[in-house]
Structure formats: C-alpha cells, structure tokens
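Each chain carries a letter (A, B, C and D) given by its place in the written order, and its residues are counted from 1.
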C-alpha cells in the first residue's frame, strides 16, 4: 500500500491546522494511499524509507523552516539515497504576506530534491506549496485540502509499477 | 549629489504604481538624493555607473522578473565591477499571495549581489522588498513609500565619504 | 509516444555541449521516449503541450537564466495550465564554482513548478540539475548524460497510464 | 569601536578553517574593527545587539544551513528589530560543486535580510559569499580572507556616523 507521511512542526497551531487539512485532502482523495499525520518529534528517521511520499510543514521563521524541521532533515542523512524517487511536498504558515513563506517552502523543496525526491508545483493558487498568512481563512484551508489530494494522487501514480 | 534610480517594467500598471510610491518615499525622505524614475527601456546601460542606488521592479512572471528586466540585467555585464558598492533594492507585484513574488524579489537580489551591490532587508512587513498582491491597497502602497525612504537614506549613508 | 524536449540557450557553446550530452543520455536510456534537442528560438510556444517532459538549459547570467530563456517562459503563459503534470528539469553552465549556477537552476525549477510540472533532484552529484563550471570536464559531461537518462525514465514513468 | 562577530557551526573542520581565514582577513584589514570568532554554541543571543556586523557560516546540509545555525536564528527573534541596519554575511562548505552551497548561503542571506541587515555581494569569485568545495585549497582560503577584509571595511563604513 502506498504510504504518505505528513510531518510538521507547529507552535501557534496554524501549521498543525494546515497539516490536518492536507491529511483530510489526502484521505478523501481517489488515490488508495495510507496517510499518516505526525509531529516532527514523533517521526523516527528509520521509518522514513517506509513511505512513498513525504510532505513537510513548518512555520516561517526567518524565511526558512524551523530549527526542529532542519535538524530532522540533517538527521535524515542516515538514509541518504534511500528516499530517491519518493514524492515530496512542503507547506508553511507565516505572519505576513511577503514574510518569507515562499522561501521557507523553497528551502524545504531544495532539501527534498537533494534527497532525490519528486516535487510538483501547482499552476493555480499557491504555486510552490500551500501557505497560510495569519489566521487561516476558508480559501487557504481549501488550498491545503486540494494540495493533500493532489499529492496523494501523485504519490500513487509514481509508486505504481509500470 | 547622491543619485538613486528606480527602474521598472510594468504591463498592467501595478508595478508602475509601486515604482511611483517608492519614488515619492525617496523624494520626501530626509536624505539629500536625486531620484529618477524610469521604465526599463528608457535606461541606457552606460548610465548605470552614474547612480549610487538602483531599485528594480518587475511583475512576478513564473516566480521571476520579466524577460525585459532579465535582458536588462544581462546587458549590464558591460559594466560588471563598476556597480560594486552601489545600493540595490527590488520590488514586485503578483496576482496571488504565494504566487512567486518573494522568489521574484530574491532573484533580483541575487543579480544585484553579483554586481557587488549592497542590499538591505526590512524587519517589518515585506522583508525582502515591497510586494503588491492583486490591486494595490493602502497598506501596500505605504510599504512602497516606506521602502523608498529607507533606500534613499541608506544610499546617502553608504555614499558618504568617511 | 512519450516526448521529451531539451530546450536551451547557449552563447559560448558550453550549455549546448551539456544539452547534447543530456540528449544522448535520454536517447540511450531504457525508456522509450522521443527526445528532441532545440535552441530556445526554434521552439514554438504552441508546441509545448505536445511534450511530456521539458528540460531547460541556460548559462548563468547574474545568478539567473538568460533573458532569452526568461522571455520564452514569459510567453509560455499562453499555455498556462496545459503543462500541468509534465516532467521538468534544468541545467546550467557558469564561469565560477559559486558563481550563481545553483540559483540559476533553482530559478528555472521555480518557473517549472509554477507551470505545475514535476521536478526531481539527484541524491548524488549535482543535486538540483547538472552544472558545468568553466570548460566541461569528463565528470561533468557524464553527469549530464546521467541526468538525461534519469529524466527520460522519469518522464516515461509519469506518463504511463495506471 | 565597531564590532564584527564571525559565528559558525563546524563538524568536519572545513567551515572552521573558513571562519579562521575570514577572521584573519577582517583583523588584517585597514578597518578599525574589533573582530570576534565564535562557535554557534558560544554566542549568547543577548550579545547580538552589541555587534555591528555578523558573519554566519555553516556546512551545507541538504542545501541549507545546519539545524544548529537555524535554531540559533530562531532564537534571535528575541532581538528582532534590534539588529536592523547591522552588516550581515554568510559562508558555507560543501562536498560537491553544485551540492547546495549557494542555496545554503542564500538561505542565510534571507534570514539576515529579515533581521533588516545589510548584505553585500562580490562581483568577483564567490558572489554571494565564500564557498569551499571538499578540502579547502589556496584560492578558496584567499577568497575567505578577502571576504573578511571586505566585510570589515563595509561594517566600518556603515557604522560611521555621517
């Protein structure tokens, strides 16, 4: 069974709300995937190779993911090469519109690409991955749901044997 | 006299409005600077070394500045090295919140840094440079004005002989 | 038949050499793909939706792709949405090691993601896409070949109907 | 007296060697600056506002600074606003040429800009900040020295009262 992990760090709760909506979107998608939602501290590095998709979320701290998420990525070097071909995605919450949320997501995308992951953008809305500015509104949460659905479908497609 | 150039490309008019507000902010600042506002096609590459500050603006096209702005930067290689130590800045308009405006500004910042320019962020509001999403609102235009003022002051400070 | 387009701008010839090696790699891969190699001026925007994969190459000009490549991307808005799900990739040549080649590739990656494309990194070597510094050496050209092969295989996999 | 802090994280020792060379360059510059060299764990966040310049160094881990450096930046929010106008800089070591060193430096630059810092690129060599690939060679260490000198001079200039 195709497995997708949504792994996030959240302090104020916004990134968690986003993670939950992405989870819902993935769960309710047509793709037959097993979706898990975990805080970054709950994920054992050695479990990472079990997943076919990894969606990372973080608040925007100085235009980059939080230290906790970065340390998690640093540890993941233990399985460098093992995550090659996995589907990857990223999302972020921030206080301001141009407050660093895009660079946070692109920072995560860079890390995922270095693992050899497959990343996909969206031609509509939040192009690099879902963003919430301030308190999440209806549209932003829908974006998260939509993203979860799309990522689940992509992961199923990519993991399908030809 | 310290000279600052605001150079932009605009199609729909939003980037132009931003440029005008940045111009106003620079003009009304306490810094004694001569500010010029020009469309990218009106700036001769050979004039660039005359300026002490260069603020570039572009709409967000595919997360990057427009081809016109990029071609202008490509041509500026004629004066590579001559702009070392100049003050640089960037601004952008976009259709969506996470629609690539930060990456557009950071792309411009990268180009300015390669010229050896001095770039400054803002601890409040739009950190990398002013952004307008959709039609410009009051707050966004104030950001532009504030940025123009700050950039004029920085340029005066940097060009002052010790 | 799965179709991959390698589209590049080259002035000094290095990016062209890279493009040729990527072409060879894609041609000689196990994937059954039809590979085309074209200069950016030779590609009609209206042909883009015919392809399943697009690999863009550019020299590093001020840390970003050349104005020609950027203008090509700007024009591609005509088919915004039509390239959703296509496989995308990028490569770049530069004069210096830390001369902006990574930011050039990431700029292209950002544009491809905004089109909704699927991008993949490499856990070994040039992580974001192949890079040549100065005159291409054996290792760098092998990287290009390897990348072409990997991209062809990914495109075939992604375009396969489930 | 103008004060510059070089703060770094190093595991294998390369980033430390770079930091030492940057220190030497700053010390031997014509600028009258007091330069300090510290490991990231040795810097108390509350000391940050005492400095006029901050140069951050990190190995390249997944295209970004190490978790230790990122956590340090996260903590620095305690003095958000207080570092406005400070001079900032960044450097990185990496295993491969296109292995993420530029994106590591630009990630640091983004964080420094969000603090309101003043960042300067170099028209020659490593444009965004010094990079060492693999074991440091003579040229790379000279770049570090040159960068330290330039940053010391810039910090003196910027902190000078008009």
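Keep this in mind: a residue touches a chain if its C-beta (ideal position, glycine included) is under 8 Å from a C-beta of that chain, and two chains touch if they have at least 3 such contacts.
Just so it is clear, the structure is predicted and the values come from calculations on it, not from any experiment.
K.L.:
Touching both chain C and chain D: give me those chains, sorted by label.
P.N.:
Output, common partners of chain C and chain D: A, B.
K.L.:
Calculate how many whole Å lie between the centre of chain A and the centre of chain C, each centre taken as the average of the chain's C-alpha atoms.
P.N.:
A distance of 25 Å separates the two centres.
K.L.:
Let me have the rounded angstrom distance from the C-alpha centre of chain A over to the C-alpha centre of chain B, please.
P.N.:
Centre separation, chain A to chain B: 33 Å.
K.L.:
Mind checking the centre-to-centre distance between chain A and chain D? Centres are C-alpha means, answer in whole Å.
P.N.:
30
K.L.:
Quick check: what residues of chain A touch more than one other chain, meaning two or more?
P.N.:
63, 99-100, 103, 106, 110, 113-115, 127-128
K.L.:
Quick one: do these chains touch in a line, a ring, a star, all-to-all (complete), or other?
P.N.:
Here the contact pattern is complete, since every chain touches every other one.
K.L.:
Name, in rising order, each residue of chain D that touches chain A in their complex.
P.N.:
It is residues 61-68, 70-74, 76-77, 100, 103, 107, 110-111, 113-115 of chain D that touch chain A.
K.L.:
Quick check: in the complex, which residue numbers of chain B touch chain D?
P.N.:
On the chain B side, the touching residues are 80-81, 83-85, 106, 109-110, 112-124, 127-128, 154, 156-158, 160, 162.
K.L.:
Using the touch definition up top, name the residues of chain D that touch chain C in the complex.
P.N.:
On the chain D side, the touching residues are 63, 96-103, 105-106, 125-131, 133.
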